[in-house]
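Two complexes come next, and they have one chain in common, chain A, joined by chain B in the first and chain C in the second.
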Partner chain A sequence: MKLFKSLSVAAMAIALVASSISSVGAASSLKGKIVINGSSALLPLTLQAANEFKKLNPKVKISASAAGSITGPQSVRKGIADIGAVDWDASTDVPGFKKFDGQVANKVAVIPFAAVANKNVGVSNLTTKQLQDIFSGKVTNWKDVGGSDASIIVVNRAFGSGTRVNFQMKALAGSEFLSKGSNYKEVKSSGDMKTAIETTPNAIGYIDLVYVTSNMKALQINGVAPSEANVINGTYKVWGFGYFMTKGKPEGAVKAFIEYIQSVKFQNGSLKKLKFIPISAIK
Partner chain B sequence: MQLDTSAPNPVISTNSSELGGSIKTGSGKLFDRKNRLLFYNRAFKIACIASAAFVCLILFSILFFMFRTGVLTFRDVSPMTFFFSSDWSPENESYGAFIFIFGTFALTILTLLISVPLSIVIAVFLAEVAPGWMRNFLRPILDLLVGIPSVVYGFLGLTILIPLLRDITGTNMGDGILAAAIVLTIMVLPTISRISDDAISVVPKKYRDASYALGATRFQTIFKVTIPAARSGIMYGVILGMARAIGETMAVVMVIGNTPQLADALFKPTSVLTSNIVMQIANVPFDSTWNNALYMMGFLLLVISLLMIVLVRLLQRKGAHQ
Partner chain C sequence: MLLKKASIVSVLALAVGVSAVGAASAATVTKASAVQVTNSTYTVNGIAVNLATFFEKGRTLVSLRDLSTKLGVKLQATKGVITATLKGHTVELTANSTLIKVDGAEQKLTVPVKSVKGVTYVELKTFVQALGGQFAKDASGTIWIDADLLGNVDRIQWVDSAKFIATQETETGRLDYLVDAQTASYEQLRILEEISDFVIAPNGAKAAYTNNAGEVFVIDFATKLSTKVSEDTSIKPELVWSSDSSIIYFLQGDKGSVVAKLDPATGTISKVLEDKVDYKANLDVSADGKTVTYTVTKPGAVVADANLPVESDDVAIDMKGTEPQIFAYTVDPSIKDNKPAQLSTTADDKVFIHAAADGSSVGYVSVSSEDEVKSTLVIVSNDKTSKTLFTEKDVYQAVVSGGKWYLLTEGNGSNQFVYEVDPATGAAKQLYTLSDTVSEIIVKSGSPFAVVNEGRVFLDINGQWKPTTK
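Our next item is the complex of A and B:
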């Protein structure tokens, strides 16, 4: 670990020197410190962008960390962070969370979500109505939605999860979740959701599209399969923007950093590699 | 330095007088050896006292901080509701923590019901029955078990125990208080059995001899004489195990189902104080009643474990008096 660290430090130093030599004329005079906190789903994207941005602007210091989505706009309000990463537009009201006044939402990525079920589930397509009935506890047996006779195990993310907010708004059209029952459980993270769906027969849940594996079944919603192509062509509706919240309009180094993430080069390069969808792809 | 050049004969005598004199006279005037030693002694004493004070400071500031934030809960929620209502839905402003408090105690009791008899049997086997080579082999193994990180237990519980429970009992999910109690049992088993083992081992041989001399069987001796004599040591182990079971978070959160409903069945997803805190703390708004309520739960846990430690101390004292 130590060796790896020092190696990567050395590599970065070399890269820095190289970039400063090669671009002496173009070297940016941008200075400043950017603190980013918030959604863990957006963290890989933020880190990647921060690394690239620091190479271009060696005088800008960026520190990024993640907890829950809601901590992003909160840290911005408290002045702890300059950028709050969040999976929903925190400048408007969403189910369960009030809007944050005076904050500006800057779109940085498109995050698709999928309804997923255990491999043993025979159903492969659900309508919005059926999803609402299942997640509100009205339908409790797979046979009522065209499957075999077995109880439906509903796996939900805990209240406050950005994935939960998005799924509720986009896939369930805002309808409420059930919160009790002997066939209902909540999990802490996308990783736990993945394990729960993979190992629990008759389970249904939802997850970021990038987490969908071949050991689970991604369900079609209203006959449309969850895929990047279907998000881009507009037929698959269950996706959300990832946002960087700032206090007022972004300025200086923060503005440059957000513009860098939104740039065509980053959106079509690193962002795609991390399996997000460029914001420009959405019409 | 001058000593080295003097004649070899008087070296021994001057050396010894030099040793005695060095404490009194030394080299410097103000900072001679005596003062230096005094200074070192005092400095070390102050450093020790400061370290001890620092530990106390940490403990009390944790207590103070948890309490200060936690007690704000009662601005918006009455203590009656908080402790006795079983409706926990923070999104609708209902903050009844009874489910979690009940869950914590139910889980701990269930864990002890399974683990204590097992541990005592293991301890008796180790201390009284097992041959020497087996004892020397088993004791380090139990000690190693104590050191396994709880997340490993939780992960194995999630991937092996829960599917197993589902197959055996035919329930739909397998998550719940029984799964959590089994995982915790495996975690506290080494603690309780090793401490009980030590307690049984130090019971004086004369007790056993007297028992045998009165015609008692080996079984009678173990259960009527040895175990009662080691009682306070065994209790000490049980309480340490209990404290670990109450505070355990990672292993529990993975197998308990995390649903705010009363644990009135063995296979019903439920939630305890620790698991609820870790599930929700990352997602709560900073200055909300919800956040304060979670701090209050943390404070409750702290108080429970402090009480346990006081109990352990009392038992130790009682054991020492016997």
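Our next item is the complex of A and C:
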């Protein structure tokens, strides 16, 4: 086919056609550098979005890192990152952390969390009260919550974890964790939590729903199973928004990147593919 | 006789009907006979046709019968009122009247509906638009008239030389349509799952996609039926067809750590590369399946002391070395301690990354961290040598098809250029000059060259830009 010939009239032809949508401009105009730090849970989402965003805005350079949610708004306050990825709204006070003044919380995803136990645990459902008693150390044996006679091993995420903040707020209604003891273990990441729960008999912990494997048991809470559907229909309460914190309202390339990650294309596309829940799914 | 039945369909009926309106129209005919009816060329539903028209009071009037036949409008005449219907829109016309009814609402014409020698004429543009059709005139003077263009299309992918998939992103999910490039007629693909990807096989016969659970499906474009080919629910950030359209390669895991392949015929999944390196992307597989290429993005290094108070903001970030790097892996079980080879080490940002079909090199658009430096096309070979092929203009977008690179670049001032670059010789040939509002080019060898301009898709049909979506 002789389609690939040079057409001098082509420019005019395109330029003169009546326009219907004016928001889509040339791909090239936006420039800038974006540094993102914070939540490890949000890092795959951030990097996927960066990969796609760069094809629309090749002159925008995006670098991302993760070292736990709290380091996100800290980096923004310190001025070494443009975006702080965090698993809670860091512009408000949460258990263990004061609000970050002057930062704006931009919702980017819904993250469901699950209480999980080793496969040998016979219990499949716990109430909020039972969870509070187990994680505070008040109840120490599975037989006291309907299971067999065995000591409960509590696995907790270290201070600073966004998963920990969410689990404390949503599953434990703000009650405190125990912090030491022979049946208490603290882990530094979701990966370590997964390993600990899978390999420690009688263990209980919590993890992002997406990381639940067939080698562990996801527990019902107050009779409701942790699932995307139950988050969306409002019956399962243990979930949080993932946020991109910015110093004041986002501008320029940062604003465009946040808008991309919030766009229907990304929310219904890659975000779902990575098994997060779109922010629009929560009414 | 046809009139009595008020039958739909017939364009002939219409001609009869209008001439039968009676004495009043006879006078009009006489008067209007003075008009100069000419045959003019229009492109209707993608096909160049002649329509009888004349010009009056700044308006082009067209033979209702001619246009309706070509555009697919159904006409019906009852008691002197002609009813035209097209895809759910209805326009009612009365001879010698400037009033028409558009979907029940009155609208005024500049020139009344006229009968000339027994043929009814109506304002062309008003009539087309009243029926929900598209009327567009390009700079060459060509007028494109389409019954129904698909609207709000976010992107397209070519299936073959004649068809493309158009995707609309909506609040509730994506909708995919199979569109005929020439006629612009479209058909929605009935995909019951919410899907996140739609990867067309090189042979144009099918496409692969994943649902929210991560299961893989293949839709056959001939039957329009989807088949689940894998129940594996691992996260699959990227799917890539083998060049013979038989195997689906994919990245596996939320961090894209593993390269795996799926045989859709059997559902068998096997790992191709598992090296515990996270954040792979831009997967490509050579035609012989022996070379796998991809990029790796290293997250930055963070040092933070969790024992210090939060207020101290004791965080340091080192983003050095976080630019994507290109890797190639030779799939050969006989190689001892087989490891991927890192082909690039440069600190430029790498965008639009595509491997050569034989896997011998990977090309990309190199974006400098310096604002004023032009983005260039760089090819890095499996022997780790690299060459810069195109430096003439700042490169905005790059696609590969048929072994050639197509670059959307800066132009002179308010326009943009499209170049075709042969990676073997480095020869660059300018193909097009485009408006600076063009945001994307879509190229598949053998298919018309496509551009997205202000949210609409245009195809180069014999040197003219055909509006194909609205």
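Things worth noting here:
The working rule: the second predicted complex is superposed on the first by the 257 of 283 C-alpha atoms of A that agree within 3 Å, B and C clash if a C-alpha of one lies under 4 Å from a C-alpha of the other, contacts with A are read in each partner's own complex, and residues count from 1 in each chain.
By our rule, a contact is a pair of C-beta atoms (placed from the backbone, for glycine too) under 8 Å apart; a residue touches a chain by one contact, two chains touch by 3 or more.
Just so it is clear, the structure is predicted and the values come from calculations on it, not from any experiment.
In the superposed model, A:Lys78 lies in contact with both chain B and chain C. Residue contacts after overlaying the shared chain place A:Val210 against chain C, while chain B stays out of touching range.
Using the contact criterion defined above for the overlaid structures, shared-chain residue A:Leu274 touches chain C, although it does not reach chain B. Residue contacts after overlaying the shared chain place A:Ala67 against chain B and chain C alike. Touch criterion met: A:Asn37 reaches chain C, while chain B stays clear of it. Of the two partner chains placed by superposition, only chain B is touched by A:Glu186; chain C is not. Of the two partners chain B and chain C, more residues of chain A are touched by C. In the superposition on chain A, A:Ala158 makes contact with both chain B and chain C.
Of the two partner chains placed by the overlay, neither chain B nor chain C lies in contact with A:Asn233. Looking at the shared chain after the overlay, A:Thr92 reaches neither chain B nor chain C.
Shared contact residues of chain A, touching chain B in one structure and chain C in the other: 67-68, 70-71, 74, 78, 97, 158-160.
Against chain A, the residues of chain C that register as touching in their complex are 136-140, 154, 161, 169-174, 194, 196-197, 210, 212, 214, 235-237, 254-256, 279, 281-282, 297, 299-302, 304, 306, 310, 313-317, 319, 322, 349, 351-352, 365, 367, 369, 371, 375, 394-397, 408, 410, 415-416, 420, 429-440, 446, 448-449, 451-456, 458, 460, 462-465, 467, 470.
The part of chain A that touches chain B in the complex is made up of residues 67-71, 74, 78, 96-97, 151, 153, 158-161, 179-188, 192, 195, 199-202.
Chain B makes touch with chain A in their complex at residues 89-91, 158-159, 162-163, 166, 172-173, 175, 253-254, 257-261, 265, 267-269, 278-280, 282-286. Residues 1, 3-28, 31, 33, 35, 37, 43-44, 47-48, 50-51, 54-55, 58-59, 61, 63-68, 70-71, 74-75, 77-78, 80-81, 97-98, 158-160, 210, 228, 263-265, 268-270, 272-275, 280 of chain A touch chain C in their complex.
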